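Next come two complexes built around chain A: one with chain B, the other with chain C.
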Partner chain A sequence: MRNAYRLLLIGGNSTMKHTISVLVENKFGVLARIAGLFSGRGYNIDSLSVAETTDPTVSRMTIVVRGDESIIEQITKQLNKLVDVIKVQDYAGMPFLERELILVKVHTSAQTRPEIMQIADIFRGKIIDVDHSSLTIELTGTSDKIEALLDLLKPFGIRELVRTGKIAIARK
Partner chain B sequence: MRNAYRLLLIGGNSTMKHTISVLVENKFGVLARIAGLFSGRGYNIDSLSVAETTDPTVSRMTIVVRGDESIIEQITKQLNKLVDVIKVQDYAGMPFLERELILVKVHTSAQTRPEIMQIADIFRGKIIDVDHSSLTIELTGTSDKIEALLDLLKPFGIRELVRTGKIAIARK
Partner chain C sequence: MKGCEIVIDALLKEKVEVIFGYPGGAIMDVFDALYESPIQFFLTRHEQAAAHAADGYARATGKVGVCIATSGPGATNLVTGIATAYMDSVPIVALTGQVPTPMIGNDAFQEADIVGITRPITKHNYLVNNVDDLPRILKEAFLIASTGRPGPVLIDLPKDVQKAESGVAYPTKVELRGYKPTYEGHPQQIKKAAQEIAKSKKPVIYAGGGVIGSEAAGELKEFATKTGIPVTTTLLGLGAFPETHELSLGMLGMHGTVYANYAIAESDLLIGIGARFDDRITGKLSAFAPNARIIHIDIDPSSLHKNVKVDVPIVGDVRCVLKELNKIVKRCDTGAWLKTIAVWKKKHPLVYERKDGKLRPQFVIEALREITGGDAIVVTDVGQHQMWAAQYCKVVKPRSFLSSGGLGTMGYGFPAALGAQAGFPKKLVVVISGDGSFQMNIQELTTAVNCNLPVKVLILNNRYLGMVRQWQELFYKGRYAATCLARNISCPKICDGKAKKCPPYVPDFVRVAEAYGAVGFRVMKEKDVRPTLKAAIKTPKPVVMDFVVEQEENVFPMVPAGATVQEMIKGVELV
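Moving on to the complex of A and B:
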């Protein structure tokens, strides 16, 4: 965290992560245009989630990108100019809550199953499926927590993994 | 569920929901190309999540779309032809687990707070933030469960809502 703060002070650093929330009209092609805006500038999106809000005509996207401050600022300005974009919010430098969800299927044997169940339990993950040679764990948390669980599970063999990407909400 | 099964048997119905998983090379522009494939055919994406897998060069997308069987089949065929697409899986007609995550900020007063906390508790949601006039609830579950919570919270006033969109994993 101290490092992130320092990067913010010294400005432009290519490894700085930005979490950007975009409210958009729920229309054909909006997602393609927005994704194109990032890729057109050579910025890969780390993760992206988009789903409806309480208003079915409006969707909300949460985009995580790494990039130079000034370029991200240009992109958010361009996003704001798109007809179907209602609101853009970059959470950099403001208090916000972030969460991510994963489903992970881990290889198990009769010997390793108790240990994997213990690990899931410590992280307050839920076991949502089981068969003879695997367990499927559901976990919600910050990206750090999720990475920590995955690190512990890797030695057992991860068969399948799906994650939502980060979503965020302002604290105020 | 019985309805969904019936739709599958009689084929093409415009309201059928498809959950499609796409493994892609984590490169510039892949997301824009895939989103364009859907919007170019007039198909709106209900929700989309994309994030890295255990291999940082590979991302996994979960896409939920409504549409006619035959057109969805065409789209998955076209997806398979894209250079950066590694694997496409349509979960229609096979057993799979689905989950979604939401963060919802609800308006509260001293009078309504206990009731909202009770509702969150019944759904096994977590309260992750509180201030004088709001509570922020985190909930993971199937889309049905999430819709049920939102229906109950709406009368209190939903200030902000962010959802990840559905992710899915095969049961076998």
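Moving on to the complex of A and C:
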């Protein structure tokens, strides 16, 4: 049993996405510490977003990472080890709400514009800019919703895409 | 007070007695404040040596070691020493000068982002932007360095901050909401561990540097003798348990004893205490202690489950946990197990060739051990000599064997020994070094002589970067690329090993020692070993002993990197 686990530790490939919320001291250099921890230990960050909380001395980072159980365990422990980290919470296995905001500029022509606007509308996206050959949509939602919209827009030609990265909040 | 005075005031309040360092433009104010203070300052001849000396002082005394350097090159020279301390969890505080705050980021003269550079090799570090923060930061630095899993902390002091005035007093206490090390082990887990121990028939204790760091050698001895469980230690754990004790198995791992590694391979319960299951210990992970359940006691939660899955993890200070454990454990049924081990010990002792009369490094260390009776602080460098020292010193007391384990830093030994000697001016401090390693901080002979630190340096001179040469012999078909220290420009590109004109030693360490004002001895024959060691110990000055030993002696036993115990190369067999 234990040997099986060990092999998993060594060759593990059962990677899963985890959303981790990290409360940190709102000081300069903290972001570099966290980023350095990930790069130095070879962990992959899918996305990271950071901003002040209601307490101006504290910032919250929402980090989306991928890895098997043992890697995620190491990541949370290593984060906890940093003196500037106040609290680490892995949202895996608990109810939480997540959102991401994107701005996407799509190539348009007179023919495709109505269809694109219709798609944006279905997703409750906002058209925030238009010109002769493109149109910019703002959309907030879960990763699934955003991926679905992008999928539909792709055939028209996505000129530019800007994403905030995921933010999340526990339900309780 | 000015910033620079706040620094010295804090050091005094933290009971710092000695500092190692090197001055320069950006740290002159602190040096100025140090000038008339009661703190003893040791001027090393290289900042790296200052960091190692602070480390050696900390390992030998258990107190926080302090080193200081200027900005830019002074600070970057500290890096190897800081990384060495970080890997081995040694509490040091490093103070560096920095260019004035308005100039930071402008590529000013001697500016280096030392906080950025040392972020991954410090437990924590600070750039002080405001002099009013300085008292708190200093207090935090000493707290962080010395508590929990200890480690180095660096404080970068811009020149204008050193000069600025502040009325903020030195705090008596600081609270860090992100830093709360766990000392007490979970009672439930401790109970579980006791149950596992009671059930086991073939238990082994595997003790690391954490036992020494938490001052738990007494508790470990009580634990082992009460339960009757044999103890093997890591390199950093040497001294955590007396190697003269019948329950001692010596060191385990790559160059550990055959019986320690056999015991691990056969054990049904492995109790890791203040150790981290590093690859030099485990070899091939999937074959490490294949039949054992594992209890792991460590103050650093991230050490648990990192390399092996643990059945009973206990987060806590080794000493606190062992104290609790000792209250409930009983004698184990290890009679048969200890007999099996005794047979292994008899069959596979540490041995080396003695019949040909050649001078062998192991012999020198055995003689040293005999003469000192283990009553010396031994500090090693890195290489074959380090492993022989670990095998043959038979360490009995904590903090009497200092070695760079995690980073494996050549050049560590001599300056670290100076630090240890500064902490214990009356004790015998011996460096076991190699001809390669010693040259990495040989300039510290001046420090030793000028500061009257009468360290005895014992060079096991094999004219090789011996450990690398051994790997070349075993794993690279004997192609000795760049490991011969006697090699010079007139040697053939591919050494045929037959060049008769090879000098017997390079350089002449005896004359080097004398040039620095130290005493030098050379030993070429076995019969001169003991008299020379005795003479050196009697000499009240730094001494360099150049033991010209058998060139191609190898360190055995050896479990090759990533291999299993079955693949261990045992070396010379008893006849």
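Everything that follows uses one rule, which is that the second predicted complex is superposed on the first by the 158 of 172 C-alpha atoms of A that agree within 3 Å, B and C clash if a C-alpha of one lies under 4 Å from a C-alpha of the other, contacts with A are read in each partner's own complex, and residues count from 1 in each chain.
Simple rule for what comes next: a residue touches a chain if its C-beta (ideal position, glycine included) is under 8 Å from a C-beta of that chain, and two chains touch if they have at least 3 such contacts.
Remember, it's a predicted structure, so these values are computed and weren't measured experimentally.
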Which of chain B and chain C A:Thr53 touches, first, second, both or neither: first
Residue contacts on chain A - larger count, chain B or chain C: B
Which of chain B and chain C A:Ile45 touches, first, second, both or neither: first
Which superposed partner A:Glu73 touches (first chain B, second chain C, both, neither): second
Partner chain(s) touched by A:Val85 [first = chain B, second = chain C, both, neither]: second
Touching partner for A:Glu25 - first (chain B), second (chain C), both, neither: second
First, second, both or neither for A:Arg171, with chain B first and chain C second: first
Footprint overlap on chain A, where chain B in one structure and chain C in the other make contact: 29, 32, 36, 40
Complex contacts: residues of chain C adjacent to chain A: 115-116, 119-120, 123-124, 127, 144, 176-179, 285-286, 290, 293-294, 300-302, 305-309, 311
Interfacial residue positions of chain B with respect to chain A in the complex: 21, 26-32, 35-36, 38-40, 42-54, 60, 62, 97, 99-103, 105, 128-129, 131, 136, 138, 140, 150, 154, 158, 160-165, 167-172
Touching residues on chain A, where the partner in the complex is chain C: 2-3, 5-7, 9-10, 24-25, 29, 32-33, 36-37, 40, 70, 73-74, 77-78, 80-86
